[in-house]
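Scrolling down, you'll hit the structures one after another.
Across the two complexes that follow, chain A remains constant while its partner is chain B and subsequently chain C.
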Partner chain A sequence: MTADDRSREASLSGPGDRPRGAWRRLVSPAALFAEAGALLVAGFLLAFWYAPTDTSTMGFSQKIFYFHAPIAESALVAYAVAFVAGVLYLRRQDERYDRLGAAAVRLGLLFSVMVMGSGMIWGKAAWGVWWAWEPRLTTFLIACVLYAAYFVLRWSTDEESRRATYSAVFAIIAFVDVPITFFATRFLPAGLHPAVITGSGSGMAAPMLFTFLVCMAGMTLLLVALLRLELAHAALKAEVEELKELLDREPEPEMAAAAVASSHETERGIP
Partner chain B sequence: MSLQEAVKFVAGAYGLIIVVLITTFVLMAHRTAQLARELRGLREALERRLTRDHE
Partner chain C sequence: MGRRQFLAMLRKDLLIELRTREMLLSMFLFAVLALVVFHYAFDPKGGSDLTPLAGGILWVVFLFAALLGLNRSFAREKDEGCLDGLLLCPADRIVVFLAKAAANFIFLAAIQILVVPVLALFFVHGGIASHSGPLALVVFLADVGFAVLGTLLATMAAGTHARDLLLPVAFLPLVAPLLIAATSATTDLVSGGAGIGDLAGRLVFLAAYDAVFLVAAYGTYDYLLSE
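On to the complex of A and B.
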């Protein structure tokens, strides 16, 4: 990719993707982190000082739900982003979508680790076991293994366009497990894991639902903020490689000037 | 399960989530800052070369 291409790209997406007008400040990466942080702190306080303690079966351990469920939803959203990015890459062969897909899977895996960790602790508290081979847990574990394999595939392919194509196809195929995971508790209700929000409502008291929604919004914003930081990092890495290549040979002055301008643009996009 | 035991489990779960999130943020911010420094260094070198070529 030439410096001109990357300069144009920087003006279209990635770290240079700064919406115009009043939205610019609200959706800048730094603002997204601040908003996500504020919502998560509020959610944490609401969970312990506003939402009532569950009196039916789980008792105080139900408090884990307010962060556990939003993290799980965010992981699935990240995998959905990787799926969309994979489809877009195959249609347009644009490396921006490859970067987006890889960043989304990386964050999806990170969120999955938190879900598994917090879920195991909650499982021990609520069911008396750290792990149970029941539909939701098993399908979620399969998703984790599948998406971990995504990186094995990426690392084993050197050629960039081939790596991107394989990754896109893999992200699309792996996504088949996501709706199965999501609907496992609804279609296979025999498992231990409860389906909290169903078509007939949430079954939660209003303060619990409000707290859950605040945490959900905070976690989703955090995912978006982390995704933008990952994309900024990927764009920076590509820019650094480009400048290194240029310095190794004797570039045309116009090309060097374009690379300098492009690097300024990328740097401005860093959160 | 007693309340005291439940509190330990809840603290463990939230502790894990908070530690992972903070560590992730710090590591990501650190490596991005490192790359940004490298980018600035390379750009300055390129700018010096451009100036030298002009002269």
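On to the complex of A and C.
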């Protein structure tokens, strides 16, 4: 990798994200994927061969918790990132925050679908039904529909700056809405979901807690790695669009080539 | 500050509606028709007591009636080029928002006042006269939330090419918490005979929801109308 490539990668990796030295090697997308993979494999092994099987009510089906809960947490982290990106976009009007927000919502949506999938599997094993109108499951279902609407909004808005503004506002409102939804679902008849981590402590034996934390770290790192990949992809796409536009505007070949060269300079020059 | 502009814009919306009556009339007709549809959907044999379902029926019907009205509220401004006029007038954007939301609130409340008695007539055995106070409070708080979020989303929807497709898709999941609280409160009132004390938690929740989204609208509306 040449110095040129590296500076290019740094400029593509997203706002406020400029690691240095040894750090840079640890948080490069490839390294992040490797770290996340290692932690998740370790978490998998720990979950099945180290953490004791739950003796109270769940039995073996409790194992899925080590993946189900970290995925849920990662989804919420992704939505929080979209919220922060939305606020920053409205303040600074920098399109990189728009790309960050869209990437975060896309991943949040993906993780939410996985939460519901793993939740339904667990529900079938623990409660005997695939679906129960239970507060957390219901909240994730509504969050899924809500954040899917984010993309309907994006696709139906043509002008770029307007699309970015609408998306930012929607990401902010949606993130405010999700905890309220969770609170509101408590007005529904009582749920079945185990409250694992309550105000008075985690209620887990130490080996279980350790396994859970390893899985949690792995899943969060996986989210960060995917987010960086999405951002790099979005930045490249934006660059291609820009170049296409330049080419369309300047039909003469020499002028178009000059425009491409100068656009490369400005891309790298972003502070 | 901005009070006169607010009143002028509100007056404009109410006047248009009073002269045309197209929005209120179609919302009301839709609501009554939907109530009739619910009768046939839930009670094919006839004669059984649908009182426990009345709360749910009311809010489903009202939700869709509200969508009809909200869609119109900004489409009208856009089509006639009125929005440009509003943006040119020397008032804060938030005044435009508040006037629009107030007009929408008045339309929604007017529909509720007409629809709730019809609902009681059709579905509630024993009537609702004895609960009318608490029920009015629930309806008031929920309507504020509907108007605030609906106006915010209708503004966005009017700026896209999906318009009347986008509003329901974005609005329904966002008002889900409001709908859950209002439905459960109405059901307890109408069929369970709950007092205002039993509803305190849900009333506070509805008020908090309204407050949160008013603040969110206050913080973001400037950007939505900034072209």
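Brief remarks follow.
Keep this in mind: the second predicted complex is superposed on the first by the 216 of 271 C-alpha atoms of A that agree within 3 Å, B and C clash if a C-alpha of one lies under 4 Å from a C-alpha of the other, contacts with A are read in each partner's own complex, and residues count from 1 in each chain.
In the analysis below, a residue touches a chain if its C-beta (ideal position, glycine included) is under 8 Å from a C-beta of that chain, and two chains touch if they have at least 3 such contacts.
Being a predicted model, the structure only gives us computed values, none of them experimental.
By the touch criterion stated above, A:27 is placed in contact with neither chain B nor chain C.
Legend: residue contacts after superposition of the two complexes on their common chain; A:152 is shown touching chain C, with no touch to chain B.
By the touch criterion defined above, A:61 lies against chain B but remains apart from chain C after alignment on the C-alpha atoms of chain A.
By the document's definition of touching, of the two partners only chain B reaches A:113; chain C does not. Which of chain B and chain C touches more residues of chain A is settled by the count: it is B.
Once the two complexes are laid over each other on the shared chain, residue contacts for A:244 go to chain B alone; chain C is not touched. Applying the stated touch rule to the two superposed structures, the chain B and chain C interfaces on chain A have no residue in common.
The part of chain A that touches chain B in the complex is made up of residues 33, 44, 59-61, 63-64, 67-68, 71, 110, 113-114, 117-118, 121-122, 124-125, 222, 226, 229-230, 232-233, 236-237, 239-240, 243-244, 246-247, 251, 253, 256-257, 259-260, 263-264, 266-267, 270-271.
Across the complex, chain C meets chain A through its residues 149, 152, 156, 159-162, 165-166, 169-170, 172-174, 176-178, 180-181, 184, 201-202, 205, 209, 212-213, 216, 219-220, 223-224, 226-227. Only residues 1, 3, 5-7, 9-10, 12-14, 16-17, 20-21, 24-25, 28-29, 31-32, 35-36, 38-40, 42-43, 45-47, 49-50, 53-54 of chain B touch chain A when the two sit together in their complex.
Interface of chain A with chain C (complex): residues 90, 142-143, 145-146, 148-149, 152-153, 155-158, 162, 165-166, 168-170, 172-174, 176-177, 180-181, 183-185, 187-188.
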